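Next up: the structures, one after another.
You will see chain A twice below: alongside chain B first, and alongside chain C after that.
Right, the complex of A and B next:
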């Protein structure tokens, strides 16, 4: 038995030193909009700090949608660029309607090129949407797909014989379900279930499988199992597990070992493509000079004549970031940018006015699956021409404050399949406005 | 004698008391990022998401008694990846504290008892007089046998020294020559330092054993020892949890300190930048590859990215930029090796190795011949899983490689070098 006894500790706190950072731009938010803004900013030589809680980035499929569906139409959009013209006519307040097509295209180009540099190649934005597979075997329209997934849409379009492989113990991805949903449109699709090498008991996770496939010995064992499962097919579809850090390399190695064409299909969260993006951002951006403080929430943002100050704390203690400009990219309800209160929807950091229905009873229609959508999903922050949030008097809240991402009002990104499009394009535009502001200040 | 039953905790109620505002279990989306990212998932049929769901469902008896709390190393990776910022490690600590002493894994309990048994606060029970003897004995031998270091010093109880340096007990107890490289580094940079005969030991398993009273006493003894010697900096040796238990203990118990807590890694980086440690990578003529293990206790749970960057600066200075391969994931997102949280002491070997498989895969994926880490528990665990899973890598301390690079590594100080590195010296 231990000889130590508890005495009453004196009431005293250890002194914590506040760390101060100075920067030109502080980006609040760690979703696609926040990280895209960081990429655009560093490419423009703007000194940047980025702060934000994990957010929903890890839930992404890896597909980068621009515009997959018009609100009032049944059919999916094949040509998103032409659909943008329609959107401008029908929804002039939509964030994408405020951005020239060339800027949206450039934003996608710059964003996808960034990933390609670091072992996560993406298809570049094309003239038309790509018909891509979802985790449950339905189809969706998207603009850019990771190279690891690109062979799936190609095999579907060419109707090649293909086997969808799933794994014993892996929840959230069923080859049988994918085949059942696609069978009418892809008759030569079959499925096989195999054991993942050295994971023969209990629940297994895509993240763990992906990391194990970074090890050559695991790839060799999986390749042998895949060759057995493929039968006569030359194309294999797998849940998204092809490595975490070097997915293009892992896929190429598996293809070399099996002589099969292999593609990934996104899985339900917790899924690999989002973790890939997050870990890539978190490793690469600091090397590009970004002061990145991930997993932390900004607790206060104040503005003065000479600049803005962000307050936050990490495990080690308090931090203050002094900056010339701020981009607010805090997302919606899931990421904490917006909060639903009994009486109204509020913006959580500054209490910015939120464009929203007059009354809570108007947030939702009676039927959740109503094709016309729900008013709450179009609530958000209103902005001026320079992507600055508006105060109650309809003037910019502060000349140093800009905003990007799905916190913006007048869009329903889920219904229109435009989440990444809004994030990337508005980040592109907000950074352009920040750059203009900084030059004018200089 | 009748066994002491494990009392049942009301986890939901305790969570409301313990967790900060906005981090309640009710916020959990059950997305599973915590479980997916946790090496302890599946052990004892438990994982972090299941733990939270069971707490929400009021399954308090099951949670109060699950041995999984001794397999969770409290590394906080679940917290790190959680979009809703939920921290379950505090509840694991609570559950550990709730176990009667006779039911806790006895290896951790005994380690804490040993710490409390002497003024050394050594988990291996080495008393102050023996520590002083070992240090002086080793020092005399180095002075006598290594002419370049005939003036080497290892001061003990030096009043007013700038650095109060702690020491993991493994060296004086089991491999005393491993203390020497660090003394040489201090000698080269002209550091004003001292050991203390009281509270010199680094390790602290009382926090991991869930014995808060003992944790407090250990930290208090160490704080008093530094204050009494009037040192300005408590310099933590290459040991992860010693830093965290001291830092958190001082905050938790409100102990008054007249000194700063600092990590040796920060100083290695500073001394290299200042030119006081003129290391270079020229010795690595064969291009031997190295990776680095970020100890949870000083990176994710304490200093964050700043110390991770310092570590990489030191490693690349030592082995060459082109010979360093980072593990994936790394820095604050790194996986715990499975040696922390008292797991190495707990006697649950099979579970510990299952946990360590993910670390093994990480290391194997780098293809590196050596792992550097400034943490004794990481060191021991990575050696063990390397042997168990058939790995082909070695584990080395920073001090070893620094002295190797400087050409001052004595013959008895090469325990962790494989034939490839030894060949480069000879």
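Right, the complex of A and C next:
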């Protein structure tokens, strides 16, 4: 466990055993939605605290999907913006249907711009999806990719000769597999296996390789090996190992040393691209003034007339965060925002009503990979027009409580390849609503 | 045989195989017959339309009965179990864990039944030791506070997959007897009161083959009546009882725990390596091939099991499964649990056939005895005077058969101490070398082995992640080694996940819901296995 990182605002009272913080917005949850909300809030000069375990972030691939598939269709979506219009017609309750296209676009713009400042540039949202590569050699539609991965889709689109390089001792990523599954769509794709510098024996791990590549000497050795592997090809694909903190720099250096174009393919999660996002958020947001408590869980959230209070503890004792507004972005089952009990699905923190199938027999279809998806994924929190969760009486649970991310009902982010899209767009909207609320309060 | 499966044909080219005995059905009984015959010097082919233990042999508690379970309603079966239990512990220790078993009664259970239990055990020759409530709780801390009576008996656990694999492998080593998975019997050629050949289809390649033999043994388990009818034998009468069991993430008890009452739902909890198996329900069914657990059956098992072991109410479950038990209809008993669990050997002489027999019913514990009886008949018909040796010859340990035992893989891996031999299944610590060995030399290996076939021969996919990670890793490794060369490898991967899901579907709550969400995000969201082109 790391100790929590946080700023020490003047309000902090050292004499009390319980430490108190005051803020305008408290964001509960540290996935894409929570961090996107923090970024949007900071950019709008809203005093922000963010709490919640960042574990699930490591499971992201780095790709930012907006809408990659229509439910129950095999074909991928090329133009996600037009697909959003379809979605509005067919699924008006879908969280993305509640957000104007311009807001979604702005959200992606603002979110991706943030990373560029810190050595992890992203492609900006384009008019069409990008056809991106997966570690097993399938293709997937996504909207934005890290700059370290961008050359792969470009080389595929241009059908350039390319070598996928894999490593002795790195399991779960096989160049032969990528090539076997792509060769009919990318005939000039080949593969080579090399030893990673100074790790030529036993099992090696992407995270360790990535950190090793921040050292210039390792890069030089790897560059020599890559040049040997490239043969006639001018483009090299690697598993995602190009550095942890300065991936753009690591890639640029390797390209300079090899005179080759180099790109990454995400590996099996937990993967380097996910860990990069987590570490970047954890390092950058406190500098931006966010009170970030990434390893703790909020144990209680109470509302009073003058504000809301979050209770949690860290290794130094109890903490109370007093806030004007709250965004609940606690995710689904993996992140603990929702809990599946044998008899029903429950919201973990407040016991908010969960829109869900009548009983457990209806949660899943018989066939796991059924293209229509499973009803359990569409379960979640119902909201009003201002992204406030609804109580049992269908009225907002509290005027100060907003919500964002895949905890929302009426969407299946897995089947529609829209996890980051829902996270970013709903965070954008929720922060806009918070801002409106704070102004009205003031 | 359904008309549909017949229509699947026709196939090109015809292969003809010859053997002395064709055994139909790759459950433990068929595997046992194969070895029994081989030990008598008789060559056989064992054919299964799917793979080893695809029926009830692979879908039970893995309980090696002491016999105590049957003392109240079937003394004969109880005695058979007692004898076989003792034999197998001695002859096949690699497949068995001597856990011991407890029979426990709780508040509300019939005290009269509990009182007469030791006497009944004595009548069957089964060792039965009464324990004080305190002593029982000391042995098994999870036992209910409402415990009123406890007895200890020599129950044990047995790995049916390893048992079948070892029997088949030993037969191969002795005299080159052959095991053919995915080989379905479509019909028989008969002449002069005897079967001459079985017409079969290889379900993997969809090609026809003919197997000629002198003797034909139907060891089809629940499918025995259908197979007999293919030979126009109408003297096999079976009823089908569906049983559903579930597997917990952790091993909850050291001993087998039986409810001390007449057999009922959810009253046996059996440890199996690092997990426990709870069951079973009992429900009539007509469908042999598409049985699946239902939410009601799962909840019933847990509710009943909780009376003995309250922790079962909150335990984490990783999987459930259903199989069909064949019940002998002739017993004329209206209660399926009361129906004799004994076995039957039919020589079909009354049906005008001189070289066909059917063996069915029975239970895992008595598989060796069943195999011996069937083999005695076959041997006599062939004119062999060599007696069965399975009651005295120990079952050797086959190298490629050792990967099914829970906890075995880590042991071998640590022992080999080879850092280049990477672990592919992290839940169960299955290394690359195990996959290589299985692909190359386990019984029934094939050119392009599916992940399901590998999982059957190892612990891969049996842990808490249920294969969702190791399925990707093993698939990747198979591509890497050149076993998979195109997109069919992805189809194998997808099919493996779909198959594992059948067992997960009814127990996805708590941590399993998180696990499942992550798995699906990976398999469908990232890899796109929900939109492969062959869909």
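Keep in mind that, in the parts below, the second predicted complex is superposed on the first by the 425 of 442 C-alpha atoms of A that agree within 3 Å, B and C clash if a C-alpha of one lies under 4 Å from a C-alpha of the other, contacts with A are read in each partner's own complex, and residues count from 1 in each chain.
We take it that a contact is a pair of C-beta atoms (placed from the backbone, for glycine too) under 8 Å apart; a residue touches a chain by one contact, two chains touch by 3 or more.
Treat the numbers as computed from the prediction; the structure is a model and nothing was measured.
By the touch criterion defined above, A:334 lies against chain B and chain C together after alignment on the C-alpha atoms of chain A.
Look at A:202: by the touch rule set out above, it reaches both chain B and chain C. In the superposition on chain A, contact of A:269 is made with both chain B and chain C. Judged by the touch definition given at the top, the superposed model places A:118 against neither chain B nor chain C. In the superposition on chain A, A:303 makes contact with neither chain B nor chain C.
In the superposition on chain A, contact of A:59 is made with both chain B and chain C. In the superposition on chain A, contact is made by A:315 with chain B only, not with chain C. Of the two partner chains, neither chain B nor chain C is touched by A:21.
Shared-chain residue A:211: touches chain B; no touch with chain C.
Residues common to the contacts of chain A with chain B and with chain C across the two structures: 59, 201-203, 269, 334. Across the interface of their complex, chain A is touched by residues 29, 31-33, 35-37, 41-42, 45, 47, 80-83, 85, 101, 109, 112-113, 116-117, 206, 211-214, 216-218, 220, 250-251, 253-257, 300-306, 309, 326, 328-333, 357-358, 361-362, 364-365 of chain B. Taken in their complex, chain A has these residues touching chain B: 1-7, 9-14, 53-56, 58-59, 198, 201-203, 205-208, 211-212, 214-215, 217-218, 244-245, 269-270, 275, 279, 282-283, 286, 292-295, 297, 314-316, 334-335.
Residues of chain A touching chain C in their complex: 59, 61, 65, 69, 74, 76, 134-136, 138-140, 169, 171-174, 176-177, 180-181, 201-203, 266, 268-269, 332-334, 336, 339-342, 359-361, 363-364, 366-371, 374, 376, 413-415, 417, 419.
Put simply, chain C touches chain A in their complex at residues 292, 294-295, 299, 419-420, 422-424, 432, 469, 472-473, 475-477, 479-480, 482, 484-487, 489-490, 493-494, 497-498, 500-502, 505-506, 508-510, 512-514, 516-518, 520-531, 533, 535.
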